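Chain IDs A, B and C follow the sequence of writing; residue 1 opens each chain.
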């Protein structure tokens, strides 16, 4: 289903939860709504489902405005954060609910439910009740129940939030595969960036009721359009005093410009380890933290603190040690604008200081 | 340990004096004139009529207040067309009958619908007598028992939340289907508990009914107002018979209450 | 549920019916009694209220209800505690029996008191031989009020005691507090909101009680005539004006209490 949202607003009393949000979603895409808790993601999802009425704006499914359609007539499937399984019904009856509403024959219902039970790997659990299932199983039931009436759009509200960290990754992959196989347009809400990046075809970043950016995970990572997106996606250190960063001194000409630097933009090495020595600058190792598969290194360049990672294969650094640091690129921003800047010294065709 | 034993004995003592002794007394007292005396007391035409009136009131009131009580509870918890401030106001009004003396409840109905009032005269012209007749007695009992069902169902609805109902609506189910298939199974035991309480209260209602009914023998007399009249006439043994029947019902209801409460906790 | 009532043509009519029923049954009568009592102006209202028999009846009711409530607070706290904290034979039986006064018609309750403590009974004759009159005097009214309001305090503190974490008490012991000290500084404060709101409910029920009281009180004006019986008498003697005036006094008092209970509960739930 092709979805269009135009200038959507939602207020709860004095609280403006969703501010002028517009977007388009192509048929068959899997979209992640990502942002901090309380940012209005769930309100957008509930308005798409018809569970909340927009204060203003249009929601268009397939070229038809659906604002005034009740949820029953929108052809959507909704997976709730805590699944909202009917607790007095067995797994079978939960999945069959939407089909019974449609007054399908017993045979049709049985066939569809058994297909979904098989698809979601719940075979053998049909007669259990929700309280007899694990979190992951409940999530699968909720998923199967939402899919049973063959919706055109699947909406998932924090689908993995109530699941143990261990099986969460497993379930993510499973869900992504399942949705790809069925080819159903889907939107899920999450506050976990790893989850959004891993699962979604496209991410929409929502903060304080506004749509900050929409794009593929890679796009958003590479070209964040707002300071919020830049700081929300990935790890980063903020540098206020740009004159201390070698290669970025010119950027400090505009007052108030700050830089946001991700750990993976930073190369660190003992004397001689960095090839482009001309672009590097001295720094002191402040702390080392062992992170299981690598070292996290806290550095001080003058008064500026930077964070980066260092492979376990390389020689171990020690606190207090002097090292060289090369900042490959930085995301720069001030009140007016923002841009990504590659370290100019790195690409200088004729370096003068050899 | 000895302190604990003292407390337990004291508790038993209070129960024995305040609750158990009266129960025993009523069972013994009804037999004072032998089994024949009890049967005579109960088979008086006015006693049979009074019990019938009580039965009618209990059935009608319980049905009406269960229906309206559940609906109002649903509205007060779920409805979005009532603003939050309005909801709070309505919510506090629900409790008012608990604070109103039953006699005053009865008086209100006499004042509003009595034969000398405009509305009462209007109804009377249409051939419907309200005060000093069954409709008024039912109204009075409805007033007194109104909060019970609402107060039993509201917390259950609040606890289960709206999500299961929202899930049903996204699966295409409309109001009635959602109510019967999703909401009802969750509130069922709360409703049953409320029904038992409503039955108990309407069975025992006395003050409001006494004022509204005029206590006319063989016409508007209920079981409780008959007990009152018998006592006033110093016919204590006859009163005892009716009281025994009422008490037996109450104990039965008490057992039902316990059972419903346990089921409510399980679900 | 928001969607539950949406999308059907008759849902509007349905809503209106429910709200109308609610207003006609509850709001209208209460509104009616206030207007009725002032219908002839301030003076007749004032005359009805300032009738010594009227205000004596109200004062007597308040006094006896206060006594019954105080006894109930003590008994209820003890019984609530014993029933939740101690395990002994017959505990669950007693626990179910607590609700008996709610299930038993109040007129039957009055009759029972009459039978047990009346002049012909063992207790009654014993008491009168030492010069204490129970039935048709104030003690009987207090006992009747006590009986009908018995469950309130117990049922109000039980959930609080169940919620009270045993470790709070244990923490107090490990900090060196004695049993009595622990009871008064840890357990009692937990129970207090329940005791208070239970007592308020018991008090307002005591004020309103009619069935049990009318049978055991002597109903002697100015001495053993409580407010609800006074109102009943006024109605019987065809003076609805006076009945309404006293009703308004009693109602206003009850509403005040109800409001207090709500405030107490709101504070407890932190809403």
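Note that a residue touches a chain if its C-beta (ideal position, glycine included) is under 8 Å from a C-beta of that chain, and two chains touch if they have at least 3 such contacts.
All figures in this text were calculated on a predicted structure; none of them were measured in a lab.
Of all chain pairs, the one linked by the most C-beta contacts is B-C. Among the remaining chains, the Cα-based centre furthest from that of chain C is the centre of A.
With centres set at the average Cα position, the gap from chain A to chain C is 58 Å.
Centres computed as Cα averages put chain B at a distance of 16 Å from chain C. Multi-chain contact residues of chain B (touching two or more other chains): 166, 169, 174. The residues of chain C that reach two or more other chains are 2-3, 6-7, listed in rising order. Counting only residues that touch two or more partner chains, chain A has 50-51, 70-72. Residues 4, 7-8, 10-12, 14-15, 18-23, 25-26, 29, 68, 71-72, 74-75, 77-81, 90, 92-112, 114, 139, 142-143, 146, 162, 165-166, 169, 174-175, 178-179, 183, 197, 200-201, 203-207, 210-211, 223-225, 227-228, 231, 236, 239-240, 243, 246-247, 250-251, 253-255, 257-258 of chain B touch chain C in their complex. Interface of chain A with chain B (complex): residues 49-51, 70-74, 76-78, 80, 82, 84-88, 97-98, 101-102, 145-146, 148-149.
On the chain C side of its complex with chain B, the touching residues are 1-8, 11, 14-15, 18-19, 21-22, 25-30, 32-33, 36, 75, 78-79, 81-83, 86, 88, 90, 94, 96-97, 99-116, 146-147, 150, 201, 204-205, 207-211, 214-215, 227-229, 231-232, 235, 240, 243-244, 247, 250-251, 254-255, 257-259, 262. Contact residues of chain B toward chain A in the complex are 163-164, 166-174, 177, 181-182, 185-186, 267.
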